[in-house]
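Below are two complexes that have chain A in common, paired first with chain B and then with chain C.
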Partner chain A sequence: MTILELLLGILLSGLRSATPLLQVLLGETITERAGVVNLGVEGQMLSGACAGFAVAAASGNPWAGLLAGVLAGMLLSSVHAFLVLVAGANMFASGVAVWLLGGGLSAFFGIPYVGRRIDGFASPDFGGAAKLPLLGPILRVATPSVLIALSTWVLCSLFLYRTRAGLRLRAVGESAESASTLGISPTKVRWAAILAGGALSGLGGASLSVDLVRNWVEWMTAGRGLVAVGLVIVARWNPWYALPAALLFGVVESLTLRLQALGVTISPYLLSTLPYLVCLGVLVWGSARARSKGGMPRDLAQVFSKTE
Partner chain B sequence: MIRRILSTSIALAAAAVLLSGCDKKEVSKTGGADSAKVGFIYVGPRTDYGYNYAMDQGRLAMEKDMGIKTVYFENIPENAEVERVMERMIGDGIKIIFATSYGYLDPALEVAAKHPDVIFMHGGGFKLAPNLGTFFADIDEVEYLSGMAAGACTKTGKLGFIAAHPIPQTLRNINAFTRGAQSMNPKVSMNVVWTGSWSDPTKEAEAANTLADQGIDVLTMHVDGPITIAQTAEKRGIMVCGYHADASQFAPKGWLTGAAWNWAPLMEKIVKSIQDSTWKSANLRGNIRDGYVKLASFGPAVPDPVKTEIDSVEKAFVAGTPLWIGPIAAQDGSVKAKAGDTLTRAQIESMDFLVKGVIGSVK
Partner chain C sequence: MIPSLALRRKTLAARFPWFEGSLSALSASLVFFLASLIFFALLGRSPFLLFGELLSGSLGSTYGITETLVKTIPILLCALATALPARLGLLTVGASGQFYMGAWCGTAAVLLFGSSHWAAMPLMLLAAFAGGAFWGLVPGFLRAKLEVNETLVTLLLNYVASLLVDWVVYGSWRDTSNLGWPATISFPEWVKLPFLVHGSHLHSGLILALAIAVALHVVLSRSRWGLSLRILKSNRKLGEGVGFSWTGNVALVMGIGGAIAGLSGILETSCIHGRLESGIALNFGLTGFLVAWMAGQHMIRIIPLAFVMGALLSSGDALQLYAQLPEATAVVLQSILFCSVLATGGFLRRGRTP
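Moving on, here comes the complex of A and B:
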């Protein structure tokens, strides 16, 4: 195995690990750019994973599973939107409620689907190409959910920086007051941003259960939704940086497994903390360099600095 | 401000109410709950093809063989919740409770003290009360047999073991499996990957993919459920040995065999002894000789001569041949048991090393 193949292998398995994270991270970035934090993404991811697996199992169609994941994520995020935007609840408390709600509901409704078999996406037959040294591994990793995540990354970034709607969304996140003097309804924009975040976190969960793991287990996301909330800060609220941030976590996580498989004997307890340590390191390094809030939307900054 | 606090607390209360009703599910198979006699409590879903599934297979066999009515609760967390479930079962007239998860031990002891007329059987614990006993089995010998299939079938000579945490139980399984594989092919290597969690399917799938990338062609595992790893192995076109239960349907081509629990004979023995009032509080333990553990079905990839060889070693174990007999050397070559010596019970239960041929960390 050449060095190039080794590095490509690490990058590709990192991409596989990063795929669900990337979806959630992009969704949360959009939500936060509109000025709302949603800690419920973990629960939305779980509901997406559960609904996605259930529909894929019932229909035999993994695409229908992904769609169901999107809808389940949106449905749950609408609870957060209602509590925060209509009832005026504290966004952190509401997020935690949505997180636990999603976990509990998915564990309950998921019981009949534990131990069910789904086929997932059929691996296309690339013939001889699958055996080529560099192309083969790339083709093997490029499953539909990985490709969807990469396209979402480009689309979200273009949306936020190159469209009028994206501009309005950012305006609301910077200052809801100024935006409303321009005739933009902050509440409407925030509803849309929360629902978009719900759709993407649900899709991230469904990518896991329907495509990458092809299995449903209660609480299967194992904290990845919350990791994504943290990675939003690492990515400095910029969707273009979402891919490198998610990849950073994914590569280190898969590297901890790969190093063991290569026979490096490091304590597994230390290894499993590495992805978090590395991301924390990058965060500290990035903040030290920027010496500012690091791209945090201004209205959001108020949530952290001011107490009512 | 008050409105905010109010709506927030309403949200949290709503979540709490929904959650408390979420994790449990009661089904009494035949008749109402009042006609049921034996209750089972599982920490996870009974369809996980893992630990809970194996326990539930014992329950189903008991219903079929003994005509006993049973009740089960699944997804019950190891906290005060399980005490409530036990109280509720007792309120419904249940007189025998199988508390199958390790963390149920202390709650079961508390409830048992309050209800001396109810008999509790706990899976895996080592504490007793006048009306509480424990049961479990050693699966080491079956891991060895499963490893024989892996050692005979591997083409690359590289095996992979995906496990949660380095504790004596997992180390015993890895060592037994590896020794079985080495008995068929002394040159095999065994790569261990720790996931750091009993249930993290994402990492399990990634670990399986990573091991497949390294040219490993037989995987096995010690995590809560074997499904993710079995399916990933099948997708990558490599072979797999299972754990806990027969999961061959998740890897129709690559399934070799696996180490599985067989709780029915033990559970039926316990209930019979309660029925004819010969039950005594004890720590019941068994192994392959008692039939409490068994080899899962063989997959199509295992050749007949290999099956015959595994059968004969199984018979030898049942006849009393010890598994942990020297020479046993650790990874670094240090001698753990000289030729002909056997490890003591205490040494086996506190195993803290990996045998020679295993690549992986134990700390």
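Moving on, here comes the complex of A and C:
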């Protein structure tokens, strides 16, 4: 195996394990660009993973599973939108409430599915192409959810920077006050942004349970949603940077799995702390950069530094 | 709101300070009651029967009451650990991580000095304080010196801490006589706090927790330090101008808060489980956060709310036994309660300020 193939292998398995995270990260970026933080993405992921798995198991159709995940994520995020935008609750507290709600509901309704397995997407037959050096591994990693995540990445970035709606959304995040003098309704835009974030985090959860691991366990996302909220800062609220940020976490995660498979004597539990510690490290670095270089939506800055 | 009505409410609030508080508590409970009614009804179960089960399971017997009080202890401590940093405006969700680090370090002390009858307990408690405090100081340092959002750091550190506990209970601290069950050796009797009710798990940590709540309340409301926290919270520049140190106070509240959560961790380990096991923090950290929030970060108001939450959690066991509802029911009810509090609290605040 050449060095190039090895590196490609690490990158590709990193991409695979970063896929759910990338979806959530993009969703949270959109939500935060409109000036709202949502810690509930963790719960939205869980509900998406649970609903997606249940529907995929019942219907035998993984596409229906992904769709169910999207809907479950949106449904739960509407609770956050209601609490924050209509009732005027604190964003962080409401996020924790939604996180608990999603975790509790998915654990409650997910019980019959624990321990079951599904087939997921059928892997297409590439014939001879799958045996090619370089191209083969790429084809094998490219499952529908990975491809969806990568296209979402491009679409989200184009949406934010190249469309009128994206401009409106960013304007609301920078200053809701000025946006409303331009005739934009900040509340409407924020509703849309939170629901979009909910859809993407639900999709991320469903990608995890339906396509990548193909089973369902309570609290299976293990903090990926919260990691995503941290990585948004690292990616400086720029969806283009979301891919490298998610890849970093994915590569570290797949490297720890690879080390365990190689029979390294370090405890797997100790190794599993690495992705969180790396995330913490880049969060510290990213926060310092965000302070010096900016990039944080201005209305959001009030949320982060305001002490109430 | 109509001006005259708003005015009337304002004068009412001024004349009766408890009016606002009881209004929000009442409306939140009403919303919670309705929402959980709908939840149970959707499940096709009689909500009133289940509520009866909830009440009788948690408060209907001596066993139920002691179990409720047993669950109250860690919730109360974790809530205090969250509320203290909140007095400086810091929003931490790190109690469960600090709980684990307290349990981790306390267990290390027991493993090292457990044979000594007189030194084991104080060393265990000291180590637990230190472990929890350290896990609070890290996000405190990052917040004070580098302005890293403390909410996110504490959330990430929770996962690290729980993995560190798994590391030792599946690894070098595992007692091989447990037949494969991941846990340390059983703690000796002399590191356990005296039990309050004979034959139950209810230990004197309850008194300790209540004392900490009262002490914190007195210090925060009467001392110069309490005032300095309030000033720094509402206006950091002003506070620093008068000579209060932001960094020092961040370290203080995060450290003390962490130590309190660490205490809850070692108390659960030594008095309830009798040994360190995986996953012992359950949902205590988040429940504590929720209790602190509902109490408006008020140290005394936290006490009854922690008791209510303890009842909810212990009745979760009863629901599981008698109504065949899964354990997660308690989490669902908790989150419905939290949403109700946030929803009504926000609406009432909006009504108050024009």
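To be clear about the criterion, the second predicted complex is superposed on the first by the 275 of 308 C-alpha atoms of A that agree within 3 Å, B and C clash if a C-alpha of one lies under 4 Å from a C-alpha of the other, contacts with A are read in each partner's own complex, and residues count from 1 in each chain.
Throughout what follows, a contact is a pair of C-beta atoms (placed from the backbone, for glycine too) under 8 Å apart; a residue touches a chain by one contact, two chains touch by 3 or more.
Please read all numbers here as calculations on a predicted model, not as lab measurements.
Undergrad: Is A:G104 in contact with chain B, with chain C, with both, or with neither (first, second, both, neither)?
TA: both
Undergrad: Just checking: does A:L134 make contact with chain B only, chain C only, both, or neither of them? Give me first, second, both or neither.
TA: After superposing on A, A:L134 lies clear of both chain B and chain C.
Undergrad: Examine A:L4 and indicate which partner it touches, taking first as chain B and second as chain C; both and neither are also allowed.
TA: Neither: A:L4 stays clear of chain B and chain C.
Undergrad: One more residue to check, A:A93. First (chain B), second (chain C), both or neither?
TA: A:A93 sits against chain B and chain C alike.
Undergrad: So, does A:E218 touch the first partner chain B, the second partner chain C, both, or neither?
TA: After superposing on A, A:E218 lies in contact with both chain B and chain C.
Undergrad: On the A-aligned overlay, A:V154 touches which partner chain: chain B = first, chain C = second, or both, or neither?
TA: Touch partners of A:V154: none, neither chain B nor chain C.
Undergrad: Touch test for A:Q260: chain B only (first), chain C only (second), both, or neither?
TA: First partner only.
Undergrad: Going by the contact rule set out at the top, does A:L208 touch chain B (first), chain C (second), both, or neither?
TA: After superposing on A, A:L208 lies in contact with chain B but is clear of chain C.
Undergrad: For A:L277, select first, second, both or neither according to whether it touches chain B, chain C, the two together, or no partner.
TA: Only chain C; A:L277 stays clear of chain B.
Undergrad: Using the superposition on A, tell me which residues of chain A are in contact with chain B and, in the other complex, with chain C.
TA: The answer is residues 83, 87-90, 93-94, 96-98, 100-101, 103-105, 107-108, 111, 218, 222, 267, 269, 272, 308 of chain A.
Undergrad: Hey, which residues of chain A end up touching chain C in the complex?
TA: 39, 79, 82-83, 86-90, 92-94, 96-101, 103-105, 107-108, 111, 218, 222-223, 226-227, 229-230, 233, 267, 269-270, 272-273, 276-277, 279-280, 283-284, 287-288, 291, 304-305, 307-308
Undergrad: For a test of understanding, state which residues of chain A touch chain B in their complex under the given definition.
TA: So the residues of chain A in touch with chain B come to 9, 13, 16-17, 20, 83, 87-90, 93-94, 96-98, 100-101, 103-105, 107-108, 110-112, 114-117, 123, 137, 208, 212-215, 217-222, 224, 253-254, 257-258, 260-263, 265-269, 271-272, 308.
Undergrad: Enumerate the contact residues on chain C facing chain A in the complex.
TA: Within the complex, chain C touches chain A at residues 88-91, 93, 142, 146-149, 151-153, 155-160, 163-164, 166-167, 170-171, 233, 236, 283, 286, 289-290, 293, 326-329, 331-332, 334-336, 338-339, 342-347, 349-350.
Undergrad: Taking the complex as given, what residues does chain B use to touch chain A?
TA: Counting only chain B, the residues touching chain A are 1, 3-4, 7-8, 10-12, 14-16, 18-19, 21-23, 25, 44-45, 47-49, 53, 74-75, 160, 165-166, 191-197, 199-207, 209-211, 213-214, 216, 224-225, 227-228, 231, 235, 249-250, 359-361, 363.
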